[in-house]
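Have a look at the structure below, then the notes.
Chain naming follows the written order as A, B, C and D, and within any one chain the residues start at number 1.
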Amino acid sequence: MTGVGFLGYAFMGRAHAHALRRLQSTGDDPPRLVAVTGRDAGATRAFAEAFGFARWATDWRDVVADPDVEVFENLGPNAVHAAPTIAAARAGKHVLCEKPMGVDASEARAMLDAARTAGVVHMCGFNYRFLPAVRRACEIIGAGDLGDVLHFRATYRQGWGADPGRAGAWRFDAAQAGAGALGDLMSHVVDLGRHLAGEFETVAGEITTFVPGRSVDDAAAAVVRFAGGATGVLEATRFATGEMNRFTWEVNGTRGTLAFDLERLDELWVNGRRELVMPEGWWPAGHGLAWEHSFVFELEHFLAAVAGGTAVAPHGATFADGVRAAEVCEAIARSAAEGRRIATTGP
Amino acid sequence: MTGVGFLGYAFMGRAHAHALRRLQSTGDDPPRLVAVTGRDAGATRAFAEAFGFARWATDWRDVVADPDVEVFENLGPNAVHAAPTIAAARAGKHVLCEKPMGVDASEARAMLDAARTAGVVHMCGFNYRFLPAVRRACEIIGAGDLGDVLHFRATYRQGWGADPGRAGAWRFDAAQAGAGALGDLMSHVVDLGRHLAGEFETVAGEITTFVPGRSVDDAAAAVVRFAGGATGVLEATRFATGEMNRFTWEVNGTRGTLAFDLERLDELWVNGRRELVMPEGWWPAGHGLAWEHSFVFELEHFLAAVAGGTAVAPHGATFADGVRAAEVCEAIARSAAEGRRIATTGP
Amino acid sequence: MTGVGFLGYAFMGRAHAHALRRLQSTGDDPPRLVAVTGRDAGATRAFAEAFGFARWATDWRDVVADPDVEVFENLGPNAVHAAPTIAAARAGKHVLCEKPMGVDASEARAMLDAARTAGVVHMCGFNYRFLPAVRRACEIIGAGDLGDVLHFRATYRQGWGADPGRAGAWRFDAAQAGAGALGDLMSHVVDLGRHLAGEFETVAGEITTFVPGRSVDDAAAAVVRFAGGATGVLEATRFATGEMNRFTWEVNGTRGTLAFDLERLDELWVNGRRELVMPEGWWPAGHGLAWEHSFVFELEHFLAAVAGGTAVAPHGATFADGVRAAEVCEAIARSAAEGRRIATTGP
Amino acid sequence: MTGVGFLGYAFMGRAHAHALRRLQSTGDDPPRLVAVTGRDAGATRAFAEAFGFARWATDWRDVVADPDVEVFENLGPNAVHAAPTIAAARAGKHVLCEKPMGVDASEARAMLDAARTAGVVHMCGFNYRFLPAVRRACEIIGAGDLGDVLHFRATYRQGWGADPGRAGAWRFDAAQAGAGALGDLMSHVVDLGRHLAGEFETVAGEITTFVPGRSVDDAAAAVVRFAGGATGVLEATRFATGEMNRFTWEVNGTRGTLAFDLERLDELWVNGRRELVMPEGWWPAGHGLAWEHSFVFELEHFLAAVAGGTAVAPHGATFADGVRAAEVCEAIARSAAEGRRIATTGP
């Protein structure tokens, strides 16, 4: 009956709240929705009532200070990731922070330091690691069935970049978001690259802003080398006209090939064969999973770690993984600015 | 705050319970989970506790008699559809019954009569009508954008027929299920055929049982004529080896073509173009829907009808639609037995 | 250096002529293009010159009488299949006739009788048997890798039925064509059904003409039983709006499933895995084959049979197969007319 | 009746010979196959006889000196591109050279200089420009229907790199081939990038040799900027395990998106809609084209240019385009070696 507090009630707030409510009816240790904080009192209150949070507040310090809150989830814009999350960790709360962590790698490192010092469980919200097809891919690679990984290619294509009204305005403001497609989409690409193909060694990238005057990037791309010898091609854009949420990736190994498309997320293509992946205890295969279910699996995993049953890593992303994603993204941006390959080996 | 009672806690019980819990956090009028009944006391109790039902019982009469139950959902095996549903209707409960309604058309008609006599709201659980892509297909056809419907072809392929352990044993027992693929899968095909292409006029069918000694059919197929002039080809099988839940259909009209695959249920193919369909208030398109969400939309629609806001028909299936699906399935079986085309025009 | 004579220079004439020219540069025994006959002198002459036929004539008897013609290919409209083909067989020519053979099964039987009596090699132009993916499917089934065949489902969808200008006008004239989609498309469906799933036992069908006043059918469909115990669903239509040449079929066996789409004819889907099939001596797999290549393989096979190396059957279709296709199509038509299941077991 | 001479009788020799033979029966001005040269006398003679070349020789100078040869096609390994092609141009022959032109950009430039000085028609064998779907893509982009081009992403995946026996051994020998995947596959990617998205401005690349001791690269990748403002991601590999000939590309413009897959080369995806592209005078759409047909279109175009009817550019690739492809590939290699972005603006 772990008590959970939220910062944020918008896109990610809804996704996490639905996931926790689902876990209330399926998990051994159903979570309690204790408190939520947001800047807009009316919206925060409505959200709390809809999902059954016991309390709500407009000052995040109230949630951080709440003794019933054991887990603090930071689901707000990137600019409000660092301070509340650090405060929560210092208050002894276990912490989950949405990706990308903070507005830059420096903030991410500060959050990691705080969590480590406090000794709390920490997770960075790279939810795609928890999709059953991705988990199955990890198992296949981990078992050696793909041989040595040679190539990782991934492209995250969205098409709404010319239509800022579709997403929160904060996403186009460097002060609020830190970066554009680089932080929002490329961070997912980088994290799955590390998860599936191993640590990055070098990157050579390009960053583009198509809309004059926009303070964040619209698209980012890189060719990379992994420490294990693989090479990779990464791309993230908000200007793939007509595309919705098309995150595709492929892994070529010496013994086989995996392929995935987020818009058909039940499906893992294993050596040219379509497998419909469905976890135990859900539905018969072919009855479908959705994007929102990634959060159910993510939070189930995180709450188990909080309860002491399992570690967040290596299956889930810790704050250390959040730091690495931010570092690689920054290396891509620096490579683009300086016109040269950048080394970015992890710890 | 409509009070809901369930008969059944298995496959359909879980699907409906998850859907109702989701509606508790999104609807204007959150439903209350009042009571559930099942034959296995331990399982019924565990289900009630997991999903937050206030009460549970092993005698369905207790749920039917419960004054807090305003809506009675019959989610049990086909053989226990008729009596409890009729009793519930007579007790003034609004009733939702899973498909196929009862073990034959005669039972379905008795349920319809009871619901009409009682004046309660009634719905037959043809959940696929509520998939956003199917709803969009109906809009396109209804708007005349497809012109006159000429062809409807649909095949529901599952592959577990040789492995009865995968599904409930009752599904292979004629006394419990009434029919096999004909009732379980073809009923969906027939209902969507009526929904998309209009009322049936004639059917010519074949019914097959591949496994010696099995009392229900394993596969069914028919060529049909619709009252509106279209022709159709329908198939349902549990012996499409390797297939999971592959319900595909196409509609050809004089002005265009629609195509759908249940295993990629976000996608409607409109004149060769893939559209990702996502309803208002959910997630951005491309973030996916799952099979289980069909029940959320279905129950939202039903509860709105109970609350008086809307009618179940024509968007949702009433008991009259359940009767028609049963009649058409029986006509297919009769055509197979008699080796001739059978007229089956509706009321 | 087998000498070949053609009746017909239109759609099929071009397809066969290109195929023979290709065989001139790849086969061990390059064919000679001796003579072509057609009703339009100018068009026949132009065709002869383009493809290098030594002679041309407007009277088919000239080609039948030509001593250099060893093989007579009848590539004209259905109504001119029977008499010239029979005359050619009686003149001792080996004969290839396009499908459907003649305007009805009676004509097909007369052609078969003539060829048998004359003792010449005979082939019916069911070219899809020769697609490498289809041939591979036969091998898989023949080797028992699919187990017992349970289901065959096939739909041949074209969409130009409302636009008769696209195809030859004779195709809409019962006197010239015999039938519409039934003869043109369903004959292919029936032949591949026999080839992949075995002989037909019964059919129950529907035939439709959507365009008032048209003397041939626009669409045909049937549910069928095979002698080996499988069931099937067959459909052919010229009114699948927007579709080009979409002949899809699937075979479910007790041990696996095959799937094919003519519009992606390199690809055979074997148990959910896409295989790119390419015959020996052609290009590396993935470099593609086209519809027209089916005629290269067909004619290579036929000329080898003429040269005495191999038999046409069972890989290729003989006139006996052409008769059976016509008989099954007629049984479908009769079933539609009489509203009952028709037995149509072969010899 | 243009007379054509070949250098080379292997993979490309066969592809071009089949194409010319097809043009003999369809073009207004059927080409004559005059002479072929190759190092292996027996193989050269057999090739000449199979395809109907009037003469053959083991010394390429004989073909270059042949007065009946008006067009000289260099279809040999990269190392024998330069000298014979230059000699042929100086002898006043129109020249077609397979890609990549020579073993490096320097050789390519020498060939271009010779052709320009001689005033002969010249074409570089980038056959994929001539696929009908690619041509249609160019038309769409040229008509402005895609708006401004923002992104070009292309990956050429083959999987036989660990199995050198599958292709000619010369392809793995730097002295014979110049480069590996970079020259063989990336040159196609670069040429289509220029063709669809415009001239390159900068590249940042990585080159990899997975097999120890191999003198050519196995894989290459780059992020690029185009002069028109678009960005691109390019990849070519012979180590995409299990892939055959998977050259996929996408173009995102401000108003739409195009997508293509070489293994389904009839299909152009235009704003999410599949179009089956078939040129006039071929078959009805849906009847398929194959890789080998690209050479028919290419040679038809080249022979028309030789006959004076049309220019090779901009639709076809001239030697200047061959030079640019080589320069961009070299820039990718230099970028990889030096670890920095390289400017590579064209003339």
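A few comments on the model shown:
Quick note on the criterion: contacts are C-beta pairs under 8 Å (C-beta built on N, C-alpha and C of every residue); 3 or more make two chains touch, one makes a residue touch a chain.
Note that this is a predicted model, so its numbers are computed, not measured.
The minimum number of touch steps linking chain B to chain D comes to 1. Farthest from chain D in terms of Cα centroid separation is B. Chain A and chain B, compared by their mean Cα positions, are separated by 37 Å. For the pair chain A and chain C, the distance between C-alpha centroids works out to 55 Å. Mean C-alpha position of chain A lies 42 Å from that of chain D. Looking at chain C, residues 243, 271-272 sit in touch with two or more other chains. The touching residues of chain D, counted against chain A in their complex, run 147, 150-151, 153, 155, 157, 159, 162, 202, 204-206, 208, 210, 219, 221-225, 229, 231-233, 235, 237, 239-243, 250, 252-257, 271-272, 335, 339-341. Those residues of chain D that touch chain B in the shared complex are 271-275.
Interface residues of chain C, counted against chain D in their complex, comprise 15, 17-18, 21-22, 24-26, 50-52, 158, 160, 166-167, 243-246, 262-266, 276, 283-293.
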